[in-house]
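Below you'll find a set of structures to go through.
Both complexes below contain chain A, partnered by chain B and then by chain C.
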Partner chain A sequence: MLPASLPPLSKGGHAAHCKRCLSGLPSSQVDIDPAKLALSFYCLGSLDVSGELEKKTKDWEREQWREWIWSQQTRGHHGTGFRASSYMTAKHSTEEHSGHDNPQIIMTYTALLSLSILRDNFSRLDRKGLLEFLRSCQNIDGSFSSEPLGGDSDLRTTFCAFAISTMLDDWSGMDVANALQFIYSCRTYEGGYGQSPFGEALGGTTYCALAALRLATKQLDPLSLQDRQKTVRWLVQNQAYNGGFSGRTNKDADACYCFWCGASLHVLDAGDLVDNAAMSSFIASCQFKYGGIAKIPGEHPDPYHTYLSLAAVALLPPNSSEGASWALCPLDPLLNATYQTSSWARAHIPAPKVDDDALGDAGI
Partner chain B sequence: MKIEIVVDPARPAPPASLVSRVAPAASAPAASDARGASCCILQRPEWADVVPLEQYENVTPLAPIFYTDEYRDATNYFRGIVKSGEMSPRVLELTENVIRQNPGHYSAWQYRYKTLMALKSPLDDELQLMDELAIKHLKTYQVWHHRRLLVQQTRNPGPELEFIANSLQVDMKNYHTWSYRQWILAYFNDDALWSHELDFVESMLESDVRNNSAWHHRFFVAFQSGVRNGDEDRDAIVRRELAFVKERIAIAPNNASAWNYLRGVLDHAKIPYSELQAFVLPYSLPQLPLGIPPEVVDLENPLPSKDSQLPCVAAVEFMADIHEAAGGGDLVKATELWKSLANEHDTIRKRYWEYRIAESLKTKSGGDG
Partner chain C sequence: MSIEQHNVKRSRQTPEALAEKKQREKSKIDEFLALTDDVLSRKKKRDWSNDAFELTQRLLQINPEFYTVWNYRRNILLNGIFPESTPEQINNILSNELSMTTTALKANPKVYWIWNHRRWCLENGPDGPERDGVPSMEWRQANWDKELFVAERMLDADARNFLAWNYRRYVLANMPTRRSETSELAYTSRKIGANFSNFSAWHQRSKTLVGLWESGQLDPIQSRDDEFELVSNALYTDPDDQSAWIYHRWLIGSGENKGQLEREIQLIFELLQEQPDSKCKRLWCMESLVHYKRLLLQNHSPGSQTLKQECVELLSRLADLDPVRYVRYQDLKRDLDQ
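For the complex of A and B:
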């Protein structure tokens, strides 16, 4: 039986966990280096969605972080984007670009959102180069490689390309019809989407597919009625009896899938089919006593599961009678950031509109 | 999937017995130990001609990692090598060293592959090393990506299926491993490769009839990968698959994977669910109908095994779908079943079942109007 009311959501503790990770990681986490910007996004996103960013961080810290993220903007041979971190950059290097220090598409998406969380004005963004970068990542089958002319390609990179185009308010960086075709080819008989064609239905990539379809088509419902019913059925079926969501049929619940499946349902305007109270109860049980949220009860927490759990609660909150601790900032399910942050991104990332009169007055 | 970053200091290692069975190379020493006591490349005379390059950090980094001396040393030399563009056997040693310390090191993988190509290195040796690394780092993208690149060069996919079968013994639902198997089959698309695939799936389902990855793979083999010699009669394939899944449902009725497979086959073949009513009905009842003598058992419609927990949620749902499709007076029957799911058998999805009731009423009033 589920408890009648939830234990508090330890927002302060989770913020402290993420702040600790931002200030340093032990050597055992060395494999984070090639995905450092994603980790930074999960930490900053946790602070943002829980409303703790201003409380927990100082102006000068946020300034330093913006600087560091900008220092990852790299102009490669095939356009401009953000690399994961400077783990391949040599000190005193005079070379512009080694060819092994490439920008990467997932890191670029998380960098743009992180800078929006930090309310950057994006005056340093190389928009033209970014569009060129997207174009050089797209493959013949419509998918996107994680870097130009190579690397793995799957629905994660496709979603990031769609989110970047949305933030730029410019779709000239891709062949949209071809990209949509790739998304359709990842659909499975269960109703979810696999990571790539022929792959098993998976919560994370189903979110990527549905959010991307909705971003591109702007239709309320990007699927046919029958497909929608099947997808909703599969997503709802993934809610386990303990309240959490599993990412695949017959797998155990994992906190991150509360977001991937819950947000997928939200994108299909079916978020009200989730048992929010049970989901929150599962997430509450994944809280680590010294802060942070783990994938399952009793494991060690990490920023990835912390952020996605908080984002799931923000999107599908329990009853308001559960108290203020469970109240989070409203979340934009399509870009995966708070509405305040996604509005900031949509307002500041597109190229400034050129005012013809102003140009005329200046004699240009 | 996801953009997963798990900060988990306690990474479980596969049992040693499995590692050594799958990968004989597992006992070979890491490159860093191969030369004896000195762990640091800096102190080895044969690297004296390379200028190590420290990592650049101009501004205070976010989430700095406190590297070990050994890792710092190896990556300093790696940056030095990338700068000079050297491609030599010692570069293979160095990149292996970096990869063993950080299997996610994208650039080390990339540079290693380039070097293997430049040196025309024997790729079978490389694959053998990968047998070990893949088992150790089953969840690392790069391990699998590298393997795909290698097999595209060797064009010898045969041994890969056995390797995959072995690594699935370590983790039977590993997404990368199954994806790799699907890729091997689809990319090389050779009749000999496909010939034992159904037997393979069957053996995986024998170990765990709830393994959804295996069910998914079966669907891929039967319906999504073209028509091979001997499989031209598509109706026969559908019949074979329906018989197969019915049998598995009978063994373990409360298995969402098998029910999803059944629905998948019917949808694919455009067969109405009502054709399965005789099979599904007993599973949707609170208990087995009494008094069926064993000699009249319908082989086409096997009954739930003894001690099955009934009613089976998926069967109740299936019967409700049949009634909904029939429409008219049958909608009442569907509604009754949905109510029993919402209030008794599947309460976590109460909102969903109530939504199904509301939707069917909408359709009905829409149709009447």
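For the complex of A and C:
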């Protein structure tokens, strides 16, 4: 039984939506301020994965965004990282160590990826401070808080620590064994992972757990075959008849879970269990007439759902016969960026290695 | 990451109307920035006055994620307001903080810093009132009881709000006078009774039961049988619903109990034959039958060709009925041959 042909994926329209959001949001969006850097990542990521970054943005705009992101790198009492935006800095403050303008771990992760998308050379990165920041965020139970002073501490923030360490190629900023222990404690009997121990399994945090495990251990050693099967079953069952994925047991499909659950299956080497055509069909129906992708058909779009939908399609594309509009840039599911971007990150974020030959030549 | 994004609405307006809108937005933004400046400079000057206290409230109403201002507010209480107050006044102020944040939570249920402020209020309540000259725990217990009530109201509004469930667990664990786990079990019974598809309630129930089994308050064997009866009621009442099927699977566990396994297989087989029929019911029944028969095969009857054949047949039917998971069913069939 051949599936019905898909409507085209409006790459240009979605890129335009994200570009608009990058340029500015009205005051009604002021509560996005604490997550502005993350929002920027969803916009830039959409442009990147759809291959529209060069086409839709100018050199000076990319330069401007790089500058803005770097201006969020902040040195606190507990190391260096990136804050969401400048919303907590008084206009006339001249203090360096303001004590309340702390770096935030999710914003740091998205900042590093955003700068990689923009092909920054990372000469301004305070790597030592970043490692100090990670250390100050880790709790006794192995989890990571979003900030040294508190804030959410769960699988999402913990995944960010793994991703940042991977990009730095330096794991000295965290107690890996303890963090793995925390990840395991979030597993539920359903087979997925909750946000924290005792919570019910959620698609997003299941991705965080599995990607983190893979980043740290290369194989998924800590998972027994039985556990793996249970997780696969839970994830596969989350694909609804309309092709979309739901985020937890007994909930409706939402476009972003196409990534969280789809990528989770991919990480478990079970990506072939996803019905790609059905998933793409659902995502197609979530496209908004004027650009952007919404969480469900008929709703207004936003960069978060737009990016994750595109990322899901990039990772689990429908048949090539559906046309060029559905062919996106290949995606690295562990860092959640295109392979070109994640390679750039892995090449430029780690501390430059001292060139022994060069030293030899210089008589050192 | 899992941050809820607001929708960016577009509307067609005249250039004049748009310009006016932009001006209004600009003044709102300017107001917000001016207020922020004012509060943060007072904070720096260690201004613990009532005026400062009011200003923090205004700012937090606009932006409750401003954690540094919550911090400042608490410092004003500790350094400015509490030293001038009696224990009873302190208790009233804290009760007021709890009411204020309840309102804030209605609009912003996921903001960590609001919950954090509530925890601080609960954990820092004064002893009192005095009974026979000795300070009692009544005020604090009253606040914690009310807190439990708030969590439960949130769950009435949205039974799947997992943050509210988390918070409820926190309250139960930290109240001065703990409630029993058996009363918690009763709470989950009520929630499940009200709505079988309340997965979060089934989930909470599973956690509570494990606690009761481990502490010896309930006999695991009898209790499990009781649970099978409860869940089979749910399955027969609403076989389309996922929650009960997942709970049932948890009860079966690794399938060590042969009698239980066979009994439940029979029950599900009968359910499959029952009217009314639905695709969803058939899928759940068949998928569960495959899983349980495999457990029987693995744990109790390793050579059984009959069981194997039954599974293969079920998987073929499933592949036809549920093409989305076609590849998975093929994989499972292949596993059986090994």
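Simple rule for what comes next: the second predicted complex is superposed on the first by the 347 of 364 C-alpha atoms of A that agree within 3 Å, B and C clash if a C-alpha of one lies under 4 Å from a C-alpha of the other, contacts with A are read in each partner's own complex, and residues count from 1 in each chain.
Throughout what follows, a contact is a pair of C-beta atoms (placed from the backbone, for glycine too) under 8 Å apart; a residue touches a chain by one contact, two chains touch by 3 or more.
This structure is a prediction, so every number in the text was calculated from the model and none was measured.
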Combined model on chain A: chain C and chain B, fit or clash: clash
Which superposed partner A:Ile69 touches (first chain B, second chain C, both, neither): first
Which of chain B and chain C A:Asp170 touches, first, second, both or neither: neither
Partner, of chain C and chain B, that touches more residues belonging to chain A: B
First, second, both or neither for A:Thr249, with chain B first and chain C second: both
First, second, both or neither for A:Asp227, with chain B first and chain C second: neither
First (chain B), second (chain C), both or neither touched by A:Ser40: first
First, second, both or neither for A:Asp126, with chain B first and chain C second: neither
Touched partner set for A:Ser86, first chain B, second chain C, both or neither: first
Contacts of A:Tyr290 with chain B and chain C, given as first, second, both or neither: second
Touching both chain C and chain B, counted on chain A across the two superposed complexes: 21, 25-35, 38-39, 87-88, 90-93, 100-101, 106, 150-152, 156, 188-190, 195-196, 198-200, 202, 204-205, 232, 236-237, 239, 241, 243, 248-251, 272-273, 275, 278, 299-305
Complex contact set, residues of chain C against chain A: 1-3, 5-10, 25, 28-29, 32-33, 36-37, 40-41, 43-44, 62-68, 71, 108, 112-113, 116, 160, 162, 165-166, 169, 197, 199-200, 203, 206-207, 241-243, 246, 250, 323-328, 331
Complex contacts: residues of chain B adjacent to chain A: 1-10, 53-68, 71, 75, 79-80, 82-83, 101-107, 110-111, 140-141, 145, 173, 175, 178-179, 182-183, 186, 210-213, 215-217, 219-220, 223-225, 255-257, 260-261, 263-264, 267-268, 348-352, 355
Residues of chain A that touch chain C when the two form their complex: 1, 20-21, 25-35, 38-39, 87-88, 90-93, 100-101, 106, 149-152, 156, 188-190, 194-196, 198-200, 202, 204-205, 208, 232, 236-237, 239, 241, 243, 248-251, 272-273, 275, 278, 290, 292, 294, 299-305
Residue numbers on chain A that touch chain B, as the complex places them: 21-36, 38-40, 42-43, 64-65, 67-69, 71, 84-93, 95, 98, 100-101, 106, 110, 150-152, 154, 156, 188-190, 195-196, 198-205, 230, 232, 234, 236-237, 239-241, 243, 247-251, 256, 260, 270, 272-275, 278, 295, 299-305
